[in-house]
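Common to both upcoming complexes is subunit A, partnered first by subunit B, then by subunit C.
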Partner chain A sequence: MLDKGRIGLHQLTVLAILFTVGSSVLIAPSSLAYEAREDAWIAALLALVVGLLAVGLYNGLARLFPSATLVGMARLSLGRWLGGAVSWLYLGYFFMLSALVLRNIGDFMTTQVLPKTPIQFIHIFFLLVVVAGIRNGLEPFARAAEIFLPWVMLFFVTMVVLLPPEFHIENLQPVLGYGIKPVLRGTISLFSTPYTEVVLFLMIIPLVRKRDRSGKALLTGVLIGGLMLAIIALLSILVLGADLATKQAFPSYSLAKKISIGDFLERLEVVMAGIWFITIYFKLGLCFYASTMILGELTGASDVKPFYLPLGLSLLALSIVIYPNFAYFVTFASRVDFLYSLPFALGFPLLFWIGWLIRGRLG
Partner chain B sequence: MLGTLAILFAGAGIAALELPALLRRHKFKDAAIFLSLLALGLILAIWTALPQELPNPLDWIIWMFEPWGEQLHRILS
Partner chain C sequence: MQRKRQALILLCLCVLGLAPGCWDSRELNELAITVGLGLDKSGDNVKVTTQIVNPGEVASKQGNQGNRMPFTTISSTEQTVIEALRKQTIILPRAVFTSHLRILVIGEELARDGILKVMDGLSRNREMRSDFYIIVARDAEAEDILATLTPMERISAYKMFKTLEMSAEEWAPTVDVEMDQLLHDLANPLKDTVLAGMVIEGNKEVGSEAHNLDRSKPFTSLVFSGLALFRDDKLVDWLNSQESKGYNYIMNNVDTTAGHLACPDGDGFIAMEVTHAKSSINGSVDQEGEPFIDLSFQLEENVGEAQCEMDLSDTASLERLERVATRQLEEIVRQTIAKAQRNKADIFGFGERIEDAAPREWLRLKDDWRERFAKLKVNIEVDLKVRRIGTTINPLSDRKE
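Right after this comes the complex of A and B.
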């Protein structure tokens, strides 16, 4: 195996939580509120249920192909050439995802926190830290995740505990006032980011010690992360209302701005932005890691460590051109992302399953 | 111009950091992959500094999937 590191079950759960919360905590509430209005939180819970079903599929696959990564699975079930072609597509998918996630943090920083800094510099510095973290393999990265997770939880709980004075329960009404279709649209938008991307963990599971129990660990991680997303969606609606949450690009940031306790605890939003730096850092790290590992396995390299920096150059270029403006990203996220992610999240994994069955039949 | 120089400088720095170890351990295949990745990265990064815009792969994906996405959206509205 290309990566000699091993991670524990607990570390897998931690990575899954950080990955699921990832960049979605920043961008998801807005599109959820746009599609599902007052029912954003119902859509978030529904998407979580569908996401957990997808995780069940990946866990089943991981059991069929013990110790094989995505590339190995594709090659074993579809043959060397077709499997290789599918693996190249996955490489493209994860690399594009890395560029999108990097761009999310760049957009957030240049619109909300550092408006006069060129976006390239934010990307360069963020990516340098990511490369420094992931260069030595998954094991140290997962240990870092364990250290940072309590901080994410602390900030998250702080937000949940300090916001109730701003709640407007009437913002939640009417429940299902527009029927089920808007809720389904919201479900689709949240399912396409982040739940379809969880397929990335097929690259991680082979490194887990006690692999027979990895399924439950992954499921727990996605469940906790998904509940955090649903809570953020609920808070955005409760505090801002569906209208305001729709009009903000980053509703959770506006949410943090609302925290105000006795004219003393004020302006906590940049502290809260700390959560997102951490979760986006780990999501980007995992996406970049998966792309690089797939590339290493496809090219038959003996070590991927030297590839991160040169690939980072391409990633920087891609993250700059990947969308010309925010409206373009909204089109992509609401109309294209779901159908584009579906083959990677469900299509190919099902194909691997069928390929495994046919191979078994033929002996 | 300054941007291009800075990118080339960064490329040289990356090569100086990674290449000697690869060559010392006679990993010539890894070195070849590394150099092709570096060349690709430098071309793309310099391209973004040029007035001519780099083609965006997301454009092709949107072109491929948007009609179906619209269809799905219409069914659900």
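Right after this comes the complex of A and C.
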């Protein structure tokens, strides 16, 4: 194993929560409301159920291939060359994902908070901190996650507790008024980000100490993260209504702007932005970690540290060129992402399973 | 040697971080804190007026020193709102900063022309929050409203903000519409909207001069008056104060208010204080597929002032008052709905209620909703109770020996 560090079950859960909430907390409510309108929260819950099924699949795979990462699984089930090819594809997938996540935070900052600051500098400073956090392996990173999770929860609970004065219950009606179809479209959009990306944890599970119980820990983490996303979707509809939630680029930020208690507890939005600074930090860290580990394993390197600088620099460049403008990203996220992620989330894992069955029969 | 080199590199990195400066730093003394914003039509362009706080004047504890104004209003005209806002730097030494906006005034002419175009720039603007109120300058330009000096609150935008908040609470016929709500209504092509109207009473030229405040009764004042009724994004009609009250009763906006009834016998009026008002709107579709609305009201009132002879210690006379008040409320509500229906403007969101109740029927109804709204059947049910009669029992005019 390249990474000598080991993480505990609790740490796996924490990482899964932060990863699931990740960048979706910022962007997901908008596309959910666009598709499912008043039923965005139902769509979010459905997507969570589908996401948990996918997690079940990954847990099964992790049991079939004990102590093997994605690369190991691919090679064991599909053979050295085909497995290697699939691993390279996964490298591309995670690396692209890193770039998208990094660009999300850059776009958010340049649109809402620091309009005159060049986006490159936001990326550089954010990535510097990410690389500093991940370069000593997963173990210290997971410990940091344990320290930061309570803060995320604190901000999140603050938001939930302070918003009820702004609720408009009638925004939720009609419930399932237009049938199930729009809800399913919303489910697909949320399933493609973040639930398909949970496949990344196949790189993490081999490092868990009590691996026989890692399945439950991962499931718990995704469940908690997914519930938080569903709550954010529900709040967006309750406070902003389906129309406004659709029109906003960052609905949860607008949500925080609405907090106003007795004319003195207001303008908390940047404090609330703390939630996604932290969650995006950990999501980006995990994506970047997975990319370097796959590259390390594929090249047979004995140490991945030399990879951080070149990969980090490429990531900076990629994050700038990955999409030309915000409209392009919206189209990608709503139309392309699902089909693009599907092979990685379900196709290849199923292929590994079949490969394992055939190998078992033969040998 | 190695250590020295490392330290040098670290130093270089630190300097590199500082050298480009802070892109987004904005010092307080570079900002023109804008508390009021006005939009007017000017030919094909839009005239943007900003009301900017004069920092030295507001901060000083001694109050009005010399004859300086508490705020300055600046106007500029351009094709788009954002251009006009930036153009103001050719007049101002500071850049317009709109995060602390309290009130947005839309000139009547522009409102009649349509406000959709000008609202987009504001909703897209990062600096703009959504916690300010939007009003319409009735028979006036937004510029003149923002230029008028007001007593009590030196910054007139704050005055308008607070007056609106207070009158929406204590005196029903105004509405405090925030940006989000307006955008919500504009986003829905079948939901129309209302905004509070404001008139200038007195000479508008004098209003902007310092001597407007030189006497205890200002020459010119700003007064809220009626509600502007919008169909789509265009102002089409005004609701008078009775109808405005009716609108607020229907929308469940009434907190407390007061109204009067004609005395059941004899001259004079009885003022009723509404202490509790609640309404609910339910939409539905009947067997023939025709939509209808059920409006129900629950009110509690107190007798506030009785100018006529009447035995208020008698339950029967209170019941009579209840009947009169019920009839009057129904009348106000009918009158309001009739006006909206005449203008084919669904300001109450009746369509949304029907959609909530029967979404599939709604898909069929929404195509000619405006026509249907004009003929919509509305059932009104009032449950009104007169509870208390104040601190005296019988009217002062009841002077039986």
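By definition in this document, the second predicted complex is superposed on the first by the 363 of 363 C-alpha atoms of A that agree within 3 Å, B and C clash if a C-alpha of one lies under 4 Å from a C-alpha of the other, contacts with A are read in each partner's own complex, and residues count from 1 in each chain.
Please note the rule applied: contacts are C-beta pairs under 8 Å (C-beta built on N, C-alpha and C of every residue); 3 or more make two chains touch, one makes a residue touch a chain.
Please read all numbers here as calculations on a predicted model, not as lab measurements.
Trainee: Applying the document's definition of touch, where does A:310 land relative to subunit B and subunit C: first, second, both, or neither?
Mentor: Touch partner of A:310: subunit B, not subunit C.
Trainee: Looking at A:204, would you say it contacts subunit B, subunit C, both, or neither? Reply first, second, both or neither.
Mentor: A:204 sits against neither subunit B nor subunit C.
Trainee: Answer with first, second, both or neither: which of subunit B and subunit C does A:96 touch in the superposed model?
Mentor: Once the two structures are laid over each other on A, A:96 reaches subunit B alone.
Trainee: Should A:115 be classified as contacting the first partner (subunit B), the second (subunit C), both, or neither?
Mentor: It touches subunit C, and subunit B stays clear.
Trainee: Of the partners subunit B and subunit C, which touch A:184 in the superposed model: first, second, both, neither?
Mentor: A:184 sits against subunit B, while subunit C stays out of touch.
Trainee: Could you say whether A:44 touches subunit B, subunit C, both of them, or neither, answering first, second, both or neither?
Mentor: A:44 contacts neither subunit B nor subunit C.
Trainee: Just subunit B (first), just subunit C (second), both, or neither: which does A:247 touch?
Mentor: It touches subunit C, and subunit B stays clear.
Trainee: Between subunit C and subunit B, which one touches more residues of subunit A when both complexes sit on the common chain A?
Mentor: Residues of subunit A touched, subunit B against subunit C: more for B.
Trainee: Spell out the part of subunit A that touches subunit B in their complex, as residue ranges.
Mentor: Contact set of subunit A toward subunit B: 92, 96, 181-182, 184-185, 188, 299-303, 306-307, 309-314, 316-318, 320-324, 331-332, 334-336, 338-340.
Trainee: Which of the residues in subunit A come into contact with subunit C in the complex?
Mentor: Residue list for subunit A touching subunit C: 111-118, 121, 170, 173-174, 177-178, 240-241, 243-244, 247, 254, 257-258, 260, 266.
Trainee: Of all residues in subunit C, which touch subunit A in the complex?
Mentor: The touching residues are 20, 23-24, 123, 126, 129-131, 180, 183-184, 187-188, 352, 355-357, 359-360.
Trainee: Which bits of subunit B are touching subunit A when the two form their complex?
Mentor: 7, 10-11, 14, 17-19, 21-22, 27, 29-30, 33-34, 37-38, 40-42, 44-45, 47-48, 53-58, 61-62, 64-66, 68-70, 72-73, 76-77
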